[in-house]
Amino acid sequence: MSAGTNAKESSRIPYGGYYRRDDNEVSAAERIVTHAGPGSPMGEYMRRFWQPVCLSEELTDVPKVVQILHERLVAFRDRSGQVGLLFPHCSHRGTSLEFGIVQQRGIRCCYHGWLYDVDGRILETPCEPAGSRIKETVFHGAYPAFERDGIVFGYFGPPSEKPDFAEYDSYTIPEGTRLVPFSNLYECNWLQVFENLIDHFHSAVLHNNMTVDGLDAALAAGMNLGEGFREMPVIEWHTTRDGNGMLFTAGRRVAPDRVWVRTTELALPNYAATASLVPTAAELRHTTVAMSRWQVPVDDENMIVLGWRHFNDEIDPQHYGNAQDCGYDKIDFLEGQTRHRTYEEKQRAPGDYEAMTSQRPVALHHLENPGRSDVGVYLIRRLLREAVAGKTPADSTRPLAKAEGETLSTYTSDNVVRVAGVGGEADRELIATTCREVLAILKETDQVPRQQRRAHMLSRLDEFDGGL
Amino acid sequence: MSAGTNAKESSRIPYGGYYRRDDNEVSAAERIVTHAGPGSPMGEYMRRFWQPVCLSEELTDVPKVVQILHERLVAFRDRSGQVGLLFPHCSHRGTSLEFGIVQQRGIRCCYHGWLYDVDGRILETPCEPAGSRIKETVFHGAYPAFERDGIVFGYFGPPSEKPDFAEYDSYTIPEGTRLVPFSNLYECNWLQVFENLIDHFHSAVLHNNMTVDGLDAALAAGMNLGEGFREMPVIEWHTTRDGNGMLFTAGRRVAPDRVWVRTTELALPNYAATASLVPTAAELRHTTVAMSRWQVPVDDENMIVLGWRHFNDEIDPQHYGNAQDCGYDKIDFLEGQTRHRTYEEKQRAPGDYEAMTSQRPVALHHLENPGRSDVGVYLIRRLLREAVAGKTPADSTRPLAKAEGETLSTYTSDNVVRVAGVGGEADRELIATTCREVLAILKETDQVPRQQRRAHMLSRLDEFDGGL
Amino acid sequence: MSAGTNAKESSRIPYGGYYRRDDNEVSAAERIVTHAGPGSPMGEYMRRFWQPVCLSEELTDVPKVVQILHERLVAFRDRSGQVGLLFPHCSHRGTSLEFGIVQQRGIRCCYHGWLYDVDGRILETPCEPAGSRIKETVFHGAYPAFERDGIVFGYFGPPSEKPDFAEYDSYTIPEGTRLVPFSNLYECNWLQVFENLIDHFHSAVLHNNMTVDGLDAALAAGMNLGEGFREMPVIEWHTTRDGNGMLFTAGRRVAPDRVWVRTTELALPNYAATASLVPTAAELRHTTVAMSRWQVPVDDENMIVLGWRHFNDEIDPQHYGNAQDCGYDKIDFLEGQTRHRTYEEKQRAPGDYEAMTSQRPVALHHLENPGRSDVGVYLIRRLLREAVAGKTPADSTRPLAKAEGETLSTYTSDNVVRVAGVGGEADRELIATTCREVLAILKETDQVPRQQRRAHMLSRLDEFDGGL
């Protein structure tokens, strides 16, 4: 058999590497869902939503260069408290405003002193004669921005299409919830990190003693999620909100008469809410969001997660979480989330960071061999493709916040229900049915005022299983 | 309003960033004046002049790799004192002569021992048989070079068009002048640094307390030019030497009856002479050149300044300057001239280095919004375009040195004259007129022998204002 | 003379650099012999031979990323001792197997647990349902591999054309021979390093006091080969094995009645055996291989030497060599073989590393000016071109090992014979004749069983010169 002859067939053999040397090019179809530069389909779609840009703590007495959606910008907070997101190069002669001096109002270019307000207006041109009309005719490139609980959000789309910020109930309930901002930088395309959230199976592999022998015991333990997560779950994926989002239900039998139902919701284009990350997830009757996060493209091969860890006594009564460990490029759950470890550490105890970033800078979907466990990943890709192509119902392309005082309900949760086991494959079917019933109850909360949603859930779960 | 609709018009609004995302490509017109590679219009024009290459101190007992006008060369001084500028790769089999061994005459390739003279002749090929004719048939690529006051100069054009070195009077007068060589590397196109010299307005902004609050007081002071420079000057730009150069006059009222007239001259393609950099500039009757410098392209996105600081008692009687601080990539005036500071230092106290290099690797002229203060910058660009296109009078395309013992007169100077103020806008007009009259006197020195130029200036200034 | 006019002729002048600014592009003809990527002529040719990949010591309890012939692979040794060479990205969703966990049998991807055997079979897909057929339908890209005396070898060609490993007698005789593995990484194309082996003239230049004055004496000595090597040798190059290899003979008069005949053999595509590297080379009657090595392309601009230093009492009775200094990217002869020195050290005492890597990332043959001393280099290029083009006799395109217990004879050797000098040019002719006669004797050993080859040589050399 000579090279090139019937290569496709030849590759289905042991030691068939010679027939499997692919070109590693990102395909046009793959670019549709991965590339988010200006003018690209996904880039334009993402620009119709508020996107987090950086942490509030990154804005100090000097400006900060940020890169979001392939655009390099200078972010700053002027002394009056306004947040600005400006094009980096001065409209006069191009000097970068990262070397500008923050003023009481706006920022001043260091070279010839042009002064910019946060909306791009030019307030002063000190080297020009008194009568100069430059201030009226030139506007500097700027984007709207605001701060919320330690995160700076920006809007990068056409001004006329600027939406309200999507306000989920989990941001403010349970009462006393504290949103602690964090970020995580990943050297890979944004979509790989977004997909990871809908890919719950990996919890039972990557986060389950996937380390070399002889590893330090404390480190090995830090790589794993709680015991409950190690069981291979019964998973189903569902489209939500007319195709503008999706969720999965993960059911596991945690006791002879108990099933743990976990739900995780994603909203297009790049938002996710994750349920509890600590062992009580599999023990408490009903808990909600532990982490809200956006997966934001930096460029094709870099992304940043920005979001909040939710701290309150309901989601984490044992106080496993630690707000001190959340902040710029750090997070308080699991080892292996960040780029900060040595290569040897990464090899000996691989984490999400390694699993995702090593899928290549941009994962090549055409080289994948997906199985049943990958249905969710392929569903989120399809929903993104449809949304980008304008096939998703127009009236819900963005999860708009509701009227004053009201909020979007989120379906992310952990629930423990009483369901007696039946053993074997039949039990897996029973778990699946249980998951669907809990999900139906969760969806009822759309019609319930925010303050009554928790009570509604508890009451309806009791109706379902007779109480724990 | 949807994306792309009437984008030009839409961009003239607050928060109009979405309509202002430019492609950032260097245009063909911009390349004409910025790109200096072999065969390019500007590259060929520049190659008709002697260009500085490195400091003499960089040539030691091992060769030195230099890059000038996009060409990588090996510079060395052989033990007989000859300076060589050779193509880096051995004509035999390509080994780099940067690993060659400097000889009494020439340099020897380490691999097979071919020995090269500074003119590219091959003197020895030791592995070849006695009768080999390689030495007669092969010449190695070489450029002429010489040393002058600590700077190595090279000529990179066609041998038949090699000019004399342009000898300015300021190199040798006043008597006792000491030329101290220095260099400065900038990570940007050469033209940005050349333009900065004709852009005197920035002195009143960048060099005038343009730092964050709370900065160390000594550092803050080090960022500023003397007090006189903080006033916004009355500036006019003039073409000189039939379009082969230009200058500006900057007039400032420094006392009720005194006007300080400063002139700075540039000569095409990339030479400039700067007047005093210390406070006495605004106090003394007439002083001349404090710095002679060439702005030399390394490649499109890197350049090097090579030149001399002039030390003598006339230009700096208070000895503010410090020859010890001049040398390889260092200079004794103002902080912020070099790449050596931390990013934080650069942000807190931006200097010329930050202002110029952050204009982008190659500044994009088509994105600028020039005002009245930018006339000089646009004039130097126009003069360069015309010279490159061959439209500048042919008999003066290079500032040729005059006959033996004579030199070119340079118009760079500081002058203080007695002119009573008239207040308001009329005073600015009076200052402008004063500048023009001082310039007329300066130009008379073209016809005056070098040794009598200073006396001529002093006498004519006294005629003009009756003496100080 | 204006630019571009008769440039070829104009370049043959002193200071003619302006007319000699070449484009530095690797030509198509040069790529034929230098480029070894998948599908390229040289790449496909090289893939018909076993190639060394890394040292055994590099395979530990974690996998190792290697790059060979432009292909990035994950190498590992599973706990049962099998060596695997797998495509890096998991066949499931692309996570790199460099973060996989080595198992008793095979390696497991960290993300979803797919388990791979060394031949690319998928043994487990733990997230998939019990009945999944993925394991039968998907094969992972893999290459055959084995270990031999501390080196991992792989075969990257079509499975049906996999050859036997070429077994040379020098690997096992003299009895007691110890093969000590080593590697050397070079930042240049593989061919430059291969050519260096056939280019014996450089020994008399590069390894002969080619250092700056004042260098530390011990270091200077470490740059030189033994005294015998400093004489300019009488060299002849010969094609061997029907064009599948070549050798050179280097003759030097080492005493009034003694001639030292050194032979070095190369086998296509990239194998070489080098004779003694220590002073006894020029003193002993007959010694054989001191080093066997493969010059392996990593990519166009990087290569790796992998091979063995041969230690036995016959080749190095004085024990100049030191096995402790051989290993990953280190070797025990001469300074200047590796990239590990500072730039200053490299300039002051250039070695093979500098001579070869500075020929450019890929040497440009069209800019060379070869002489008589370069005949060998041009011969190896021609043999490679012919072999790649399929013009070399098919029955010997690979140096196949002979039947069980037998081995290939290698012609690499040092021999000292008694031949009285005749002086002057005639003596050089006499040395050449002597070399040819010794070579003829060496070639007789093809027909001699491996255990009798040494005795045969000693006996025939005695016949030739009457004994030492």
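By letter and in written order, the chains are A, B and C; residue numbering begins at 1 in each of them.
FYI, contacts are C-beta pairs under 8 Å (C-beta built on N, C-alpha and C of every residue); 3 or more make two chains touch, one makes a residue touch a chain.
Everything numeric here is computed off the predicted structure, so don't read it as measured data.
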> chain A-chain C contact: same residues or different, taking over half shared as same?
Replying inline: different
>> Between 0 and 180 degrees and rounded to the nearest 5, what angle rotates chain A's CA atoms onto those of chain B?
In response: 120
> Roughly how many whole angstrom separate the Cα centroids of chain A and chain C?
Replying inline: 51
>> Could you pull out the residues of chain B that touch at least 2 other chains?
In response: none
> Which bits of chain A are touching chain C when the two form their complex?
Replying inline: 1-3, 11-21, 201-202, 204-206, 210-214, 232, 344, 346-348, 350, 354-356, 358-360, 363-364, 367-374, 377
>> Help me check something: in the complex, which residues belonging to chain B touch chain C?
In response: 38-39, 44, 47, 61-63, 71, 85-87, 89, 91-96, 98-102, 108, 110-113, 119-121, 125-129, 132, 134, 137-139, 141-144, 156-160
